[in-house]
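The same chain A turns up in both complexes below, where it pairs with chain B and then with chain C.
Right after this comes the complex of A and B.
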């Protein structure tokens, strides 16, 4: 519970900071609404030519889109700003102070900045998702919806883990780019239904760079497509990547020599 | 207690020839040099003791501090601080330790110091009553009570150092690493920080390791000093002993009532064979061996008509500089 209290402090700090920049605050919200509209428009155009994509009809696809928009917004709100700073902390030796504190340094580095100006987007994303779920023609039980939302949150966590994993390369390469950019290419995979990938590509996007798991698998659970298998896969992959990230982090710290002052 | 045995640290640094061609070359084949930052260091510091760590830039002071505080891993050797291996980063250790780096801030730039303190209260799980007590005590000692609600970036450098000190000491650590806490501060602020550390030590008596380039810091706060050069200790002992051992001469200065008529004959009549003597106008300066100070002063008083006489110790900063330059002691 101590970490919850710490996080409340982060929240308080971040909100008071964000409110200082009003124009930036509203501009970001506006940009993201445009981005969301484009997403829906893109798939609506595709469905003018076909009835199903990756096994889903337009109605299901709309839920899927709302799902990954939710993941994107949640990630932007909680993790994204922190990830942006991450390489700087390492290269400039700012990690020093974090390492001397009796709390998890990764917790600190991942969550210290809450992006208050993305928070409004998160509310919009939640609104979108609620609307799509409510207008879905097949019946959905409350329990299924709750687990679905939980799986989206797990997906966001996995998304962050993968980002961290790429960023951790900075311990060895010293450069904040390079590997980090591979991650941004993966974002596009997240925004496509997993079944459009076949063979080796599919294997990679499910198990090596599991971008296809994050949004597609929760949607599959919702649409009752092998729900047990979906749950197990999400659980195993997320746990595995959590352990890998921790392992690489510890190795990285051994290499970390910290810029001398 | 801090115990360090045969500690070494080697950094691997890659070199690059200058210019664009050099950059391209280094992309494909890299030359590494191994930089020995610490060489076979042995050190023991008892509870409640404070030591001053001196040495020129790159001597290994910061590396040693970072190893002791658990930030970096040593290459070889054993270290135990309060019974812990620092780089295991055990929370029980980190709760009892504080690191203050004069060149790096830990408080959040955009927020008032008090907000940062509240976060630290959570991090170290300091009970409310103890937190308030520490806060009152520290802010009073540092005379910074009115500045705690001001954004850190709007504070002066001196005030910022004071709030950094507060931040580091709120949890009442048993071991404190102070890495150049007075760097860049004006004389008044330096003095305030020194006075504070002195008072804090009296009250709480933690183990302290103080790194500083300002001799006043070391002289006023530390009885024991460790001098480092190129990764090794070249002196570990009391500050007084340095004076005893290395300050071989004292300076006798005298003002005469009138200028001597003949400088050479005055020198001859004083007959101070093993001292250097300079006479200009009505000032005489004699670098005398310590044991002969009395004798020479008496001679001076007998020979000349003297208005004023003073005997000065050699400047400790200069002595240490000489030791560091020559690299020999112990």
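Right after this comes the complex of A and C.
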């Protein structure tokens, strides 16, 4: 309950802050609309040269795209701004302020800033996903759709955990952004259907850097492709990465030497 | 013409700044390259396999992998650390120092921009050589010294084009706060409409014809064609002239906005 109250305070502060920068608010909305448009156009151009990609036709691919757009929007709204500041807090020693709070510092750092300006994009993403699901030609039960959306939310959480792992390297390197740039290069894996990857690469993107789990696996559940295996894999991988992130965070705190570390 | 010594100093200082975190620099470089190769390889392998084709729209699988290897570095050369490079100074009020320096603001920013590009250009040379000599198995891909020289010239001009194009969006910071998203939009559009995400020859013909009226194909598609030697000397000169005209236009707009924007600047940051 304490955490819920705290989060409500975070929301209030974030909205009043966003309203101070109104132009930025609308530019950001426009930016994400351009991003969404480019994603759909990209695959539409590819499907001019093929009928299926990773076993999916254009209709299924459109749902997959709407799915990862939803993950991106949810991440931008809840976590992205916080992740951006993360390395700065460590390098400038600002982490002290969070470590002394009587709440989980990782919770505080991950959720302190709610990107109110991305919230509108989240609504657009939800609208897109709803439209794609409604116009899908095969029948989808309500239960399947609810679980699919839940899996996308879990995918967003996994996305955040993996991002944190790349950023936590700052504890040891002391660099401005850690390995954040590598992470953003890897994020494009999430935007491709998992079944295009084969062999060892596929193994890596499923179990070591599980980008392929985040959006592809929920889509596979929706399309009824080995749903039980999909659910078990998502559950196990997310739990494992949650534990690994906590472990690395604790190790990182041990080497953290406060101001200008 | 003698280059003023302060330009050399700014250039060297920027280079030193870039290599301060060497481990980061190389990990990011290697990581981005590996991801780029893997994603493009498997995506296009899937398309080539579904078509049972060895060549689509003039591209073999090998050539397209090479394309996706080079194109992100071309972006890094052109786009460097441009987002926030000017608007950040306006927002924080740190533009004051540039206004007080007895040097041109644009020359200073272009110098730091070139320092960033130098590093990425070295990355490009390394990757191109390694791929061409050790990995490439496609005998149709032929790199030559002359083509690489012509490619470098186009890259230089297109980097300036992008610098001025981006500076226009950055200078909107005089009127609006926190406008980094405009820089991101410019990047998205340049990448997609220039052929950075998919080579333009895969686009529908009508859209390619339409895009010729925009600067985007000249910023991305044109350098890539020169890199692979897919051009004639006449088309090279024509495209270079058009690219230069776009550069001059963006430079003019950028300078006009800069001159007007200074009257809005309070110098205390926001």
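Quick note on the criterion: the second predicted complex is superposed on the first by the 258 of 261 C-alpha atoms of A that agree within 3 Å, B and C clash if a C-alpha of one lies under 4 Å from a C-alpha of the other, contacts with A are read in each partner's own complex, and residues count from 1 in each chain.
In this text, contacts are C-beta pairs under 8 Å (C-beta built on N, C-alpha and C of every residue); 3 or more make two chains touch, one makes a residue touch a chain.
Computed from a prediction, not measured in an experiment: that's the story for all the values here.
> For A:239 in the superposed arrangement: first (chain B), second (chain C), both or neither?
Neither partner.
> I'd like to know which partner A:188 touches here: chain B for first, chain C for second, both or neither.
Only chain C is touched by A:188; chain B is not.
> Between chain B (first) and chain C (second), which, if any, makes contact with A:256: first, second, both or neither?
first
> Just to be sure I read the superposition right, which of the two partners does A:196 touch: chain B = first, chain C = second, or both, or neither?
second
> Who does A:42 touch here: chain B (first), chain C (second), both, or neither?
In the superposed model, A:42 contacts chain C only, not chain B.
> Look at the residues of chain A and decide whether chain B or chain C touches more of them.
Partner touching more chain A residues in the overlay: C.
> Tell me the contact category for A:9 with respect to chain B and chain C: first, second, both or neither.
So A:9 only meets chain B here.
> Check chain A for residues that touch chain B in one structure and chain C in the other, and list them.
The overlap between the chain B and chain C interfaces on chain A is empty, containing no residue.
> Which chain A residues qualify as touching chain C in the complex?
Counting only chain A, the residues touching chain C are 21, 23-24, 27-28, 30-31, 34-35, 38, 41-42, 45-46, 48-54, 173-179, 181-182, 185-186, 188-189, 192, 196-198, 201.
> Okay, in this complex, where on chain B does chain A touch?
11, 62-63, 66, 69-73, 89, 91-92, 94-95, 97-99, 101, 103-104, 106, 108, 110-111, 115, 118-119, 122-125, 179-180
> Where on chain A does chain B make contact in their complex?
2, 5-6, 9, 12-13, 16-17, 93-97, 99-103, 254, 256-258, 260-261
> Which of the residues in chain C end up touching chain A in this complex?
Spelled out, the residues of chain C in touch with chain A are 21, 23-24, 27-28, 31-32, 35-36, 38-39, 42-43, 45-47, 50-51, 56-57, 176-179, 181-182, 184-185, 188-189, 192, 197-198, 202-204.
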